[in-house]
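Each chain carries a letter (A, B, C, D, E and F) given by its place in the written order, and its residues are counted from 1.
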Amino acid sequence: MKLGVLVKEGPYMHQAIETAYNFIVAAMEAGHEITGIFFYNDGVYNRCSTMEPPRDERNIMKLLSELELKGVRLIVCVAAGKRRGIINQTVCKVEEISGLGQLLELCIASDRMITF
Amino acid sequence: MKLGVLVKEGPYMHQAIETAYNFIVAAMEAGHEITGIFFYNDGVYNRCSTMEPPRDERNIMKLLSELELKGVRLIVCVAAGKRRGIINQTVCKVEEISGLGQLLELCIASDRMITF
Amino acid sequence: MLHIIKKSPYESSAFSDAIKYIGQNDDVVLLTEDGVYAVKKGGKFEDILKNLMQKNAVYCLLADIKARGIQEDEIVENVKIIDYQGFVEKVVEHNPMTWA
Amino acid sequence: MLHIIKKSPYESSAFSDAIKYIGQNDDVVLLTEDGVYAVKKGGKFEDILKNLMQKNAVYCLLADIKARGIQEDEIVENVKIIDYQGFVEKVVEHNPMTWA
Amino acid sequence: MSGQEKTKVMLVCRTAPYGTIYEQEAIEAMIMFGAYEQDISVSFIGDGVFSLKKGQDTAFLGKKNFSMTYPVLIDDFEISHIYVEKESLEERGLSGDDLIAEVEIVGRNVLKQKMNEMKAMLPF
Amino acid sequence: MSGQEKTKVMLVCRTAPYGTIYEQEAIEAMIMFGAYEQDISVSFIGDGVFSLKKGQDTAFLGKKNFSMTYPVLIDDFEISHIYVEKESLEERGLSGDDLIAEVEIVGRNVLKQKMNEMKAMLPF
């Protein structure tokens, strides 16, 4: 099945991105296709490249980049990212900066859309 | 009176920093001394220098910097900032990076400690 | 103590947790941000506020009620409206605790 | 529909808002993150869950109950425990709506 | 998308305005989604109904009053439906007269039926 | 600080662990504050009481189990008092036997009195 993902919360503060990551790994193991992860609201902070969490904590930015290496599209909302300072080239690891239309495209292209 | 301020929420997502700013301006106008603003939890995002909000929205980073020009200490927690990627020199406008001890020092040095 | 409540009482337990801690006559309540929704006449919290105000003063922040379109005649009687200057004065008078 | 509830029912209205939307027999509930606190026996939401489960299935996420120290024998009867694989299966079976 | 059926998407707004940014960023989504010629509806339940309250004046806050956008969502931005949950209004001491825009005030059961027809629901 | 009275500060923990970071970052504050030879107390009310629940196992989450810190806060990190509100425990079906650390379980009225003695309260 084709699954689209919307992430609305930032890293560390909320568990949302951790639940999303564990869900996506399980979905891919079960053979489902992830059509993309759209980062909106504080979700854009998940792509801040300068994160340095303590060694005994997961680096969320890197975990997401690993998903990208496995072919998952990571899409950061341009408006939410600009407002918060998270799409500047020197600051952040952003593969695809896009408008909110991409979120709707994900809804269209996916059998299920799930929000974290 | 000496007033210390703790900010625990990030910009835009929560109204906290806006209420804090309006409170601080009113307090300074009334002749009170602000002993410092300590940024903890997602509050550290308020010092992200790359923010580019739309023109009809306030730039929170800059408003806070104006307070600093008026002599208000802005202190970003090193642990909370590192975890979220907000104390890297190239990324963020941070005047004073400090440990949590500074938060306790603010409690000691202030007649009142208020949390936003 | 000054109990600052900044979350909507419909959405968060901040309001109900806070009012359990209003024990003394010199405790006062300040509703800010989404906390101001508690003041609406005909809303779910009208009676709780009225009961509270038999002993304790309740304030709400002008900028926040204005932004949310709450008119003065929609506010439960005896709730006092203050601006940021008044907010500062309350903090000077009472030790603040924020309920978020 | 799959109603995913991820906030503590003690702290947030997410739980109470969500269960009002469980109308059909094919609606199911998945408690994740702080939402799992609803499953605790002897807690405030035991009766609400039992009532709900007369018609609708309620699931909770293994990783989240483990992290929070909720043991299997502390969970209201008939609540089903699933892992992330089970979570994926539920999303495949039902259209999800997240209550946060 | 010619020949294809329109995708039904609902933005479910459950948060009050100004205290958090969710409602404002939900509006930004509504405005963008309207341009895609799909079947977009918006529902307001719980504290979300406060977003439609008449008379919002944000001058004292120094923030943008974005409630002006709601009245033109259907005509100017091609949103198909704006639903407001009747029970949430009543619980908050509000009625249709208090609202800024022409909206469809519907009971919870009706709104639930609409949700069942959606391909995707996006909560805000 | 010799000769001066110690400053009384209370961290008021009202959030459940893991769902948000507040509780974890509150612990980081407790650990640091202990080194300053002030009079630091910690209270757990509302969902905060869940932080002290026995048997937390975060292996499935891939996160750190920070509940181990609570039992040593007083002895190793010089926190003066750990208070847990009795009413919040009861509402959640919990008792002292369910808790990870030796704490002072106190009624709301007692805890309110303690709050009145504080110079500063920091909510988490």
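In this section, contacts are C-beta pairs under 8 Å (C-beta built on N, C-alpha and C of every residue); 3 or more make two chains touch, one makes a residue touch a chain.
Keep in mind it's a predicted model, so treat the numbers as computed, not measured.
Between chain C and chain E, the least number of touching-chain steps is 1.
Comparing the residue numbers each copy contributes, chain A and chain B share more than half of them at their mutual interface. Taking B-E and D-F together, the pair of chains sharing more C-beta contacts is D-F.
Summarising the inter-chain layout, the chain whose CA centre lies farthest from the centre of chain D is B. With centres computed as the average of Cα coordinates, no chain lies farther from chain E than F.
Centroid to centroid, with C-alpha atoms defining each point, chain D and chain E lie 27 Å apart.
With centres set at the average Cα position, the gap from chain B to chain D is 38 Å. One finds 33 Å separating the Cα centroids of chain A and chain F.
The multi-chain contact residues of chain A, meaning those touching 2 or more other chains, are 8, 12-13, 15, 22, 41, 57, 79, 112-113, 115.
Shared contact sites, meaning residues of chain C that touch two or more other chains, fall at 6, 10-11, 13, 33-34, 63, 83, 95-96, 98, 100.
Counting partner chains per residue, chain F has residues 18-21, 46-47, 61, 63, 119-121, 123 touching two or more of them.
By the definition of touch given earlier, these chain pairs are in contact: A-B, A-D, A-E, A-F, B-C, B-E, B-F, C-D, C-E, C-F, D-E, D-F.
Contact residues on chain E toward chain B in their complex (touch as defined above): 18-21, 61-64. Residue ranges on chain B touching chain E, taken from their complex, read 12-15, 18, 22, 56-58. If you check the complex, the residues on chain F that touch chain B are 7, 9, 21-22, 25, 28-29, 32-33, 35-36, 38, 40, 119-124. Every residue of chain D that touches chain A in the complex is listed here, in rising order: 4, 6, 32-34, 61, 63, 83-85, 87-89, 91-92, 95-96, 98, 100.
Contact residues of chain D toward chain E in the complex are 1, 13, 17, 20-21, 23-24, 95-100.
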